[in-house]
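So that you can tell them apart, the chains are marked A, B, C and D in the order they are listed, and the count of residues begins at 1 in each.
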Amino acid sequence: MKYHETSLQVRFYEVDSYGVVWHGHYVGWFEAGRNDLTQRYQMGPLQLKERSFLAPVVELNCQFKLPATFGNSVVVQTTMERTEVAKLIFRYRVLDQENGKVLATGFTTHVLTDLKGNLLYRVPQEVLERIEAMRKYLEV
Amino acid sequence: MKYHETSLQVRFYEVDSYGVVWHGHYVGWFEAGRNDLTQRYQMGPLQLKERSFLAPVVELNCQFKLPATFGNSVVVQTTMERTEVAKLIFRYRVLDQENGKVLATGFTTHVLTDLKGNLLYRVPQEVLERIEAMRKYLEV
Amino acid sequence: MKYHETSLQVRFYEVDSYGVVWHGHYVGWFEAGRNDLTQRYQMGPLQLKERSFLAPVVELNCQFKLPATFGNSVVVQTTMERTEVAKLIFRYRVLDQENGKVLATGFTTHVLTDLKGNLLYRVPQEVLERIEAMRKYLEV
Amino acid sequence: MKYHETSLQVRFYEVDSYGVVWHGHYVGWFEAGRNDLTQRYQMGPLQLKERSFLAPVVELNCQFKLPATFGNSVVVQTTMERTEVAKLIFRYRVLDQENGKVLATGFTTHVLTDLKGNLLYRVPQEVLERIEAMRKYLEV
C-alpha cells in the first residue's frame, strides 16, 4: 500500500509552551494530508458537499512518537483502508522531512451521510467510482 | 460609554513557545466578547445570517500592551461606536482579571452585506432597532 | 467514578464550513477540562514543569457522536483512570449543556518525563500524592 | 521595494461557517510569511531567542478586501519598512495565487526586547547586520 505525501512547514503558532508542536495540531495536519489526497479524486469535503454528501469524522486516533518543533518540515503520509461498508478509514503517518523519523501515526474514520446528516448504508455509485480510482493510485 | 464584559480562561494551546499567549488568539477573544454582546441583541453572526445579513470584518487592529499567560483569567471588554453609515465598529480591551491591568486593546470594523456579499449602504430598519437597543445598554 | 465538569461556550471560529464544530477543536476542549481538573491538584502543565516534570500526550482518541454548533454551551466531563505505571489516562465526555446529550467521548494517555523528555518508570512520590488526592476527589 | 513570497494552501479548518477563511487566520499567514523571510537572515523567533532577543508584536493591523475559501492557494507577500529606532515593521499582502487579486493587506510592528521583556532602545550590532542584509534582499 502506498502513502500519498504532503509537505508542511511547522508554523510558529503551532508550537506550545513546552517548545513542541501542540498535539491537537496534528489533527489539522492529518486533514491537510487527507484533503490533498481526496481532492485529486473529487472527494474533498466541498466536492462531496456539492454532490449532496458529507463525510464527517466519527473517530480520531493519534499516537505521538517524537516531538516536532518550529523550523521543522514534516511530511504527512495518507492512505485509505479498504472497507466493506459506507465508511472511510484514512491512515496517517507524520514524518520529519529531514531525517525520515516517524513523529506520529493515526487514523480517522468517516461515515457518509446526506446533507441532513442521515447515514448512508451503501456507498453511492458515483462515490464508489472515485474511491476505486483513489485505491488504484494507492495500490500502485 | 460602558463596556460589556466576558470572562475567559487562557487555554494551554493558546500559549506559544515564548511562554505567552500567541498574539493571533486575541482576535478570537475579541470575537468571543463581541458575540457575547451582540447575541443578546439578536445581532450574532448566525442570527444576522438567518435574517439574510452578514457582517464581515473589513479591518482589524490590535495593540498589545502586556503578555497574558497560561493560568490567567482575562476579561474581554466590548463596546460599539456610534457610526453614521452601514458600518459597525466594535472596540475591545482585554484585562487581566486578577489585577485589572490592560493586556491589549483593539477594534474591528464590519460592513453589512446581503448573503451574496453585496454592500448595504443603509442599515436596514430591523437591524437599526437592534443596534439602538444595544447602544442603550452600552450608554447606561 | 465521578467526572469533573468544565463549562465552555462554542466560539464562532471553532465552527467549520459544514456548520458544526470542527472535530480537531475537541482536542482543545478535552485539554481545557483536563487542566481545569489537574490545576486544582498542582498537576497542571506549568505546575508540573516547575517541578521538573512533563506529561506529554502519547495517545489521543476521540469518538464523535453528535455535532455541536455555534450558540451551544458544552460541558466537558473529565476523569482519570487508575493505572499501575508512570502513565496517566484521562477520559472525557463532551455534553450539550442544555439537553445533556453526549456529543463526544475520548481519552488521552500521558507519560511522565523529565525536562529532557526521558521517560520516568516510577511515579515520583510528590506526584503520586497529588494523583491520590485527585483520585479521592474523583471517587467521591 | 520587493516582497518576499510564501505560498500556502487554505486548510479546511481555516474556513468558518460563513464559508470563507476566518479573519483571525490571516494573522497566522502573515506570521508564516514573516518567518519564511526572517529565518533566511537568522532573524526567526527562535534564532533571535538563541541570541537572547525577543521581537514581540506590539501592533497588528489587517484590512480584509476579498474572501479566501477552501481550495484556494494564496501567496503571502512580506516586506520590511525602514525604521529609525529599535522597532521592526513588516508589511503584508495576501493574494489569490490563481488570479493575483489582493485578499488582504496588513502590518505588524515589533519591538526588540531582552529575554526578560525589557525594551532595547538601540538595535544591537549583530541584529543590525542581519536587518541590513534582509533590506538589501528586499530592495533589489
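As a working rule, a contact is a pair of C-beta atoms (placed from the backbone, for glycine too) under 8 Å apart; a residue touches a chain by one contact, two chains touch by 3 or more.
All figures in this text were calculated on a predicted structure; none of them were measured in a lab.
Set against the C-alpha centre of chain D, every other chain centre is closer than that of C.
Compared on C-beta pairs in contact, A-C and A-B come out with A-C as the pair having more. Averaged C-alpha coordinates put the centre of chain A at 34 Å from the centre of chain B. Centre-to-centre, using mean CA coordinates, chain B is 29 Å away from chain C.
One finds 24 Å separating the Cα centroids of chain A and chain C. In chain B, the residues that reach two or more other chains under the touch definition are 12-13, 17, 24, 28, 31, 45-46, 70. If you check the complex, the residues on chain A that touch chain B are 12-13, 15-17, 19, 22, 24, 70.
Residue ranges of chain A in contact with chain C, taken from their complex: 17-18, 20, 23-25, 27-28, 31, 45-46, 49, 54, 56-64, 67, 106, 117. Those residues of chain A that touch chain D in the shared complex are 9, 11-13, 28, 31-32, 35-36, 39, 44-46, 70-71.
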